[in-house]
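One structure is given here, and the rest of the page talks about it.
The chains carry the letters A, B, C and D, assigned in the order they are written, with residues numbered from 1 in each.
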Amino acid sequence: MSFVPGMGILKGMALTLRRFFAPKVTIRYPEVTPDIAVKYRGRMQLLYDEHGALKCETCFQCAQACPIECIDMGGTDTKGRYAVHWGASETYGERREEAALRRAGREVPDPTYTHFEAVDTAAVDRILEDHDYDPHRMLSILEAIQAEFGHLPVAALKQVSFTTGSWYAMIYGTATYYRHFRFEKTVEQVAVCRCTACLMQGGGRLADALAAGLRTGLGQVTPDGRMRLAWLPTHLAGAPAPLVALDGEPQPEVTPANATAWAQALAGEHPATRTIH
Amino acid sequence: MTTPTRPSLDDPSLTIPVEHAGIFEPIPLARTERQREFYDLRDGEMLLNMGPQHPSTHGVLRVVLKISGEQVVDLDPVLGYLHRGVEKIAENSDFHHIISQLDPLEYVASLFCEWSPVMSFEKLLDVQVPRRAEYIRVLTGELNRIASHMLFLGWYALDLGGITPILWSFAERDEIVEMLAAITGAKLLFNYFRIGGVNGDLNHEFMSRLGDWMSRAGAQLEAGMGLLNENEIFVRRARGLGVLDRETALRMCATGPNLRASGVPFDIRRAHPYSVYPELEFEIPTRREGDSLARYLLRMDEVRQSLRIIDQCLHQMPDGPVMARLPRLLRPRPGRAYSAVEGPRGQYSCYAISDGTDQPFRLRIHDPSFLHLQLVGLLMPGNLIADTMAIMASLDPVMGGVDK
Amino acid sequence: MTAYWNRLSVGSRAFLIIVPALLVVGAILTVAVALLLPPVLDFLAANLPLARFVAAAAAIIVVTIPVAFVIIYMELKVIAAMNLRVGPDRVGPYGSLMSVMHGLKVLAKEDFTPRGVDVPIFTLAPIVVFASIPLTMLVIPFAPGVFGQDFNIGLLYFFAIGGMSVVGLMMAGWASFNKYSLLGALRAAAQAISYELPLTLSVVGIIILAGTMSLNSIVQLQAGSFLDWNIWKQPLGFIIFFIAATAEANRTPLDMTEADQELVAGFATEYSGMRFGFFFFAEYVNVFVVSALSAVLFFGGWNAPFNWPFPVTLSLDPGGMGLGLIFLIALAPVAGTIILGLPFWLLSSRVSTLRALVIGFVLFNLLIVGAFMGWAFVSAAWVSGLVWMMLKTFVFVFIFVQMRGTLPRVRVDQLMSFAWKWLLPAALLNIFVTAIAVSILANR
Amino acid sequence: MDRAFRALIERTFGDDLTGPVRQRHDETEMRIRPGDVPQVMRTLHDDPRLRFEYLGDLAGVDTGTDFQVVYHLWSVVTPDWLRVVADGIPRDQPRIPSITFLWKGAEWMEREAYDMFGLVFEGNRDLRRIYLPDEFVSFPLRKDFHLPDDASRSPGGGVRPMEDAATPADAAETTVRRTAKAR
C-alpha cells in the first residue's frame, strides 16, 4: 500500500488495462479441442480391435474393481437368455434386494443357475436303457428326458453325455436346435397367439405389453425363472382374439391395454421381481 | 443416555414463535445452552439466514446470523449439507478403495486427504515407501498446495467484491491442474497416492509442462497478487479484520496458515517431520497480526516457499521404483496408526484402526476446515454483514472437508 | 368471367386483387392528407415546444434500450478481456447479440410475485426506478440542437430526478418482504443521502464559473480547444464528481445496494422477469447518463477537442449537375462495383467472378456510406457534435466498466465515512477556492 | 519412538494408567479411565515437563462392546504423537467429561462424536447434532448401525429407511458385525 492515496488503485487499473490487450487463455471448445493428457482418466471407452470388433467381452472385472461403482455394465449370456447387470445395482429395480443380500454375504437366488441342480440319475439311466445307449437316437432320448423332468436338466444331459460317450456339446446343440426343448423349469407358460386374426386385433402390442410386464422377451423366461413368455402355436378353438393363454387356459379378459398390469400382477408375488420405488 | 423419541416437525411444542418483521417465524427448540443463548432475540435484533443458496458461502454452508442493523451480534453455522458419512463408507470398503472414497473430502487439494490415510495405512502395514515415491508425493503435494492457495486468493478477492483475481488465479490453477492431470490422470480428484507409493512415475508430459510453468510461475503469481496487495480498498478492508491472537488460536485448535498468521510457527512439515521434508530446506512463514490480511499474505508467502520446495525436489529426485512390493489384498496386523500431514489449510490427520481384516475397523478423518469454520463464530461478532464472507474466506474452509 | 378467373395462376390472382386495393387505399390516403395536413401542421407550429417535448421524450425512451444493450455487451466483453477470457462469442458476430438475448430472456422469464410482498409497491418500484433515468436524459445536450429540453435549471432538474430513483429502490426493498432486500434498500437510502451532497456541491464550482445551470450554455461556454474545458478549472471538482457519480450509479466499488457477495442481489433479490429487467436496464442507462453528464460538465460536451487547423467547407450542389446526376446515380453502383471488384478478380484466381462482384458491391457501399458520413460530419454541425459527445461518453463508460473489473468493494461504513469525512469537506473547499478565484479575477 | 518420554509418562501418571504405555512407529499410546480425562489432560497441558498445547484430534471409537474416546496431542518435548485413549465407556451410559475447558476448539469435535456415537460429553455447552438433522435418533458410526446396503443384515431385513430408533433384541448378536480384535 503506497503512501500516495489512490496510487494502488491506479496501478491496479493500469494492470487490468494491460491484461485487456493480453492474449486470452480461453479455449473455444468445439472449434479448438484442448490437449488432453495421455494419462487422462476422465473418459471410459471400450476398445475395438483392428477389425472393428469390440474387445470388451463383458467379463465384469472392471465393474467389480470400480470402488465407487461408477462403472455399470449390462450384458446377456451366450444364449441371449439372461440379462446380466453389474454396477450401481440399486438402479435396477429387480436387483435391489439382491444387492443388499449379496453385500450381507447371504445366498442370492440366481435364476441363471437354477437348472444346474442335481437330478436323480436313475430316471436318466432308465431312459437310456430303453434307448439302449444309442447316441443316434438322441432326439428321442431328449424328448423322453423332457417328458420325465418337464425340462432338460443340465445334470441329466451331462449324465447322458457321460454314459453314451457322445460329446456334451453335441447333445447341447441338439437340444438347442429344436424349439420344443426347454432348459429352465417353467411352472407357467404365458403364450400369445400369433395367428393372423390375433395379430390383426393387436396381438403384437399384447406381446410387447406382456414382455414389459414380465420383464422378459418373447421366448425367454422371467428374471426369476418362474414364467416363460412364448408364442402360441395355434389359435385355441372358440377363444377371442387377441388371445393370451396361461398354461393353455385362454385368458379372455386380457387386452393390450391391461396386459402389462395383468402380467405384473402375475409376476408380482415373487420377491425377486418386486420393485421398490 | 436414554434414546430420544422421534420428534415430528409440525409439533408446535418444538418451535418457539418469535414476533419478528411482522410475521411469526419458527425457531427450532433450543436444545442446548448455547442454542438457547443464541435464539433469544433482544430488541432490534433479527435473524438473517445466509445460505445454503447464498452466492458466496463456500460450498453448501448455512449460517444463521443474528444481526442488529448491519452489525452481526452472533452467528450459528449449520453444517451437514454435504455429509456423506465417509467414515462409515471407509469401514465398509477395503484399503485400496478407501483412497478414492476420501478424495472428494478436500476437493480443492485432494492429494492431501489421500496422503494422510495412505501414510497411516503404511504404518499399519509397516511398509517402507521408496524414496522416489516420497519425492514425487512432495512434488505433487506442493503443486497442489499452490493451486489451492491460488484458489484462495481468487475466492477471497471475490468475496471482497473483486471479480477479476479469481479468473487470473484460475488461469494459474488451470496450468497446475493440467500438469497434475498429466501425471495423476485426473484434474480434480486425483486418485494418485497408493499404499506404498504412487500410481505411476513421472512422465515426460508432466515434466515438460512443469518446466514450462516453473520458468514463468514466479512472475505470473506476483502479477496476480499485485492487483490486490497494493490496493487501498482491499488492504483497508482486510487489515484488522477478524483478529485471532496466539492463545485463542491454540485453544481453538486452529492449524495451518491460520495458526501461523497468529504467530505460532507450527507446521507439521517441521514440527513432526514426515516423508522427505527433513531433506528439503524451506522456511515457515509466520506473522504476528493474526488478521485477515496476515492470513492472506501468509498464504502468498507459502506459495513462494512451495516454489522453492518444488525446485529442490526436481534437483534431488532420486531414481528407483515408485511402488513398494505389496500383496494385492491387504490384511494389516491388528493395531492403530495415526498420521498427520500439513495441507494448504492445516493439519490433515487420519487415525486408522485395523482388526486384521481387509477393511479398517475404524477410520477417523480429521479435517482442518472443520475447526476453522468453528473459528468464524468466534471472530465474527461485532463485524458487519459485509465482512461475514470476508472473514470466512480468510479462514478458507472447504465444505467438502467440513461435512465429510 | 369466372372461367377466366379460374384459369389464372395464384400470383396473378393476388396481383389482380392487391393492386386495385392499393390504388384505392392510396387515393383515400392522399385525400385525407391533403385535407388534414394543414390544420395539423398549423397546430404543431402553434405550440412547437409541446411537440418537441413529446418527440424528444418518445425518442429518449426508445433510445434507452439500445444504449443499455450496447453498454451491457461492452461490460461483458471488456471485463472478459480483462479477465483473460473471451466473453460471449456465440450469439451473433463476436457475441454482439448477447445483450439482446439478455433482453429477450428477461422478457420470456416468469414474472414471479412471491408470497407476502406488498404487491402494488412491488410492481410499481421498477417503473419508478426506470422512469427516473430517461427523464434525466431529457436535459442532456448531445449535440447542438439535439436535446430534449433546455431548462435554465437543467442541472438542478437532473439531480432532483436522479435522486428519485432511490425512492424506487426503497420501494423495491421494502415491498420485497425479504431481509436482504430491506438491507439493500436501507443501504441505498443511506448512500444516496450521503453522496447526493458531494455530488451536488462538486458542480457548484462549475455553476459559479458558468453563471447558469443550463447544460447547453455550460457546454457552449467550453467551446474552443480542449484547453477551454472545465476539467482544467475544476480538477478537484471532477474527482469528487466522478466518485460521487460512481456511488450514485451504484457501480463497483461503491455498489452497496446490490453487493451480491453480501446481500444476494440487494433490493432486486425477489425480482424476476421484466421487473428485474427494468432494474437491470436502469442501472446501465444510469451509467450512460452519468458518463454523459461528466462529459458535458467537465469535458466540453459536444465540442471538438481541438479547433480545426484549416476550415473545411464541402460545398456540393448535386442539383447543379442537371441530367448528369441521373446518369451518375444510375451508373455509379455498377461502375463502382466493377471497378472495386476487378482487382480481386484479377489478383487471385481463387476468387470467382460472382464473389468478386459481391466484394466490389460491399466495398462500394462501404465507400458511399463512409463518404456520406464524412460529408455529414464535416458539413452538419450536429453530426460531429454527436460523434464527439458519444466518444467522450463511452470513454467514461469504459472507465466505469474497467473499475468494476478491477476494484474490490468498499465496506459500507468505510463508504459512509469516506463520503462525510473526505468528499464533503473537499467539495466545500472546492467551492470556496472557486468563488474566491472568480471574485478576484472579476475584480481585476 | 521415544523411550525416555514413555518413562516420563509412566512416572507422571502411575496409577491413572489402565494399561501399559504402548509405542509404535512415532506414536505413544496411554490408556486412562474416562473419569480421569480432565485432570490427566490438565497435567499434560500445564506441566512444564510435558507441554502438550496442541490438540491434534479427538475421535470416538466403537469397539463393538464399549466406546472409547481417543485424543492425539502434540508437544515440543517429544517427537512422538501422544495418543490418550479413554476406554471402557459403557454402551448404556456413554458419558465422559468434556475437555472444552482446555481446548475450546474441541467443542465441535465432541459434537461430532456425539452425533456419530451418541457419546455425551459432560461440560460441553453446545452438545447437539452437527451433521445430521436434529430429528435423527440413531447414531450412524456405531457398529450396530448399518448402511442401507447392509439392510438385510440389519434388524427387519430388506431395504429399510436408514432411521431406526432402537435395535430389536433378536438382532443383538447379528448386528455387531465385527468385535474389536484391535484392543
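Everything below uses one rule, namely that a contact is a pair of C-beta atoms (placed from the backbone, for glycine too) under 8 Å apart; a residue touches a chain by one contact, two chains touch by 3 or more.
Note that this is a predicted model, so its numbers are computed, not measured.
Peer 1: What is the identifier of the chain with the smallest separation between its Cα mean and the overall Cα mean?
Peer 2: B
Peer 1: Could you compare the number of C-beta pairs in contact for A-C with that for A-B and name the larger?
Peer 2: It is A-B, judged by the count of C-beta pairs in contact.
Peer 1: Between chain A and chain C, what distance separates the C-alpha centroids? Give it in angstrom.
Peer 2: Those two chain centres are 66 Å apart.
Peer 1: Per the centroid of Cα atoms for each chain, what is the distance between chain B and chain C, given in Å?
Peer 2: Result: the chain centres lie 48 Å from each other.
Peer 1: Report the inter-centroid distance (CA atoms only) between chain A and chain B in whole Å.
Peer 2: Taking the average C-alpha coordinate of chain A and of chain B, the gap between them is 45 Å.
Peer 1: Taking each residue of chain A in turn, which ones touch at least two of the other chains?
Peer 2: Residues 9, 12, 15-16, 19, 25 of chain A touch two or more partner chains.
Peer 1: Of all residues in chain D, which are in touch with two or more distinct other chains?
Peer 2: Residues 149-150 of chain D each touch two or more of the other chains.
Peer 1: Find every residue in chain C that makes contact with two or more other chains and list them.
Peer 2: Those would be 82-85, 405-407.
Peer 1: Once bound in the complex, which stretches of chain D touch chain B?
Peer 2: Residues 24-27, 29, 53-57, 59, 61-62, 70, 72, 74, 79, 81, 83, 93-95, 102-109, 112, 116, 118, 120, 125-135, 137, 140-141, 145, 147, 149-150, 163, 165-166, 178, 180-182 of chain D touch chain B in their complex.
Peer 1: Provide the residue numbers of chain C that touch chain A in the complex, in ascending order.
Peer 2: Residue list for chain C touching chain A: 78, 81-86, 89, 402-403, 405-407.
Peer 1: Note which residues of chain B are touching chain D in the complex, please.
Peer 2: Going through chain B, the ones touching chain D are 1, 3-7, 9, 28, 31-35, 79-80, 83, 85, 87-89, 92, 123, 250-254, 266, 271-272, 334-338, 340, 347, 349, 351, 353-357, 361-362, 364, 366, 370-371, 374, 403-404.
Peer 1: Residue numbers of chain A touching chain B in their complex, please.
Peer 2: Interface residues on chain A, with respect to chain B: 1-2, 5-9, 11-12, 15-16, 19, 25, 37-42, 67-68.
Peer 1: For a test of understanding, state which residues of chain C touch chain B in their complex under the given definition.
Peer 2: 79, 82-85, 116, 179-180, 183, 187, 252-253, 259-264, 404-414
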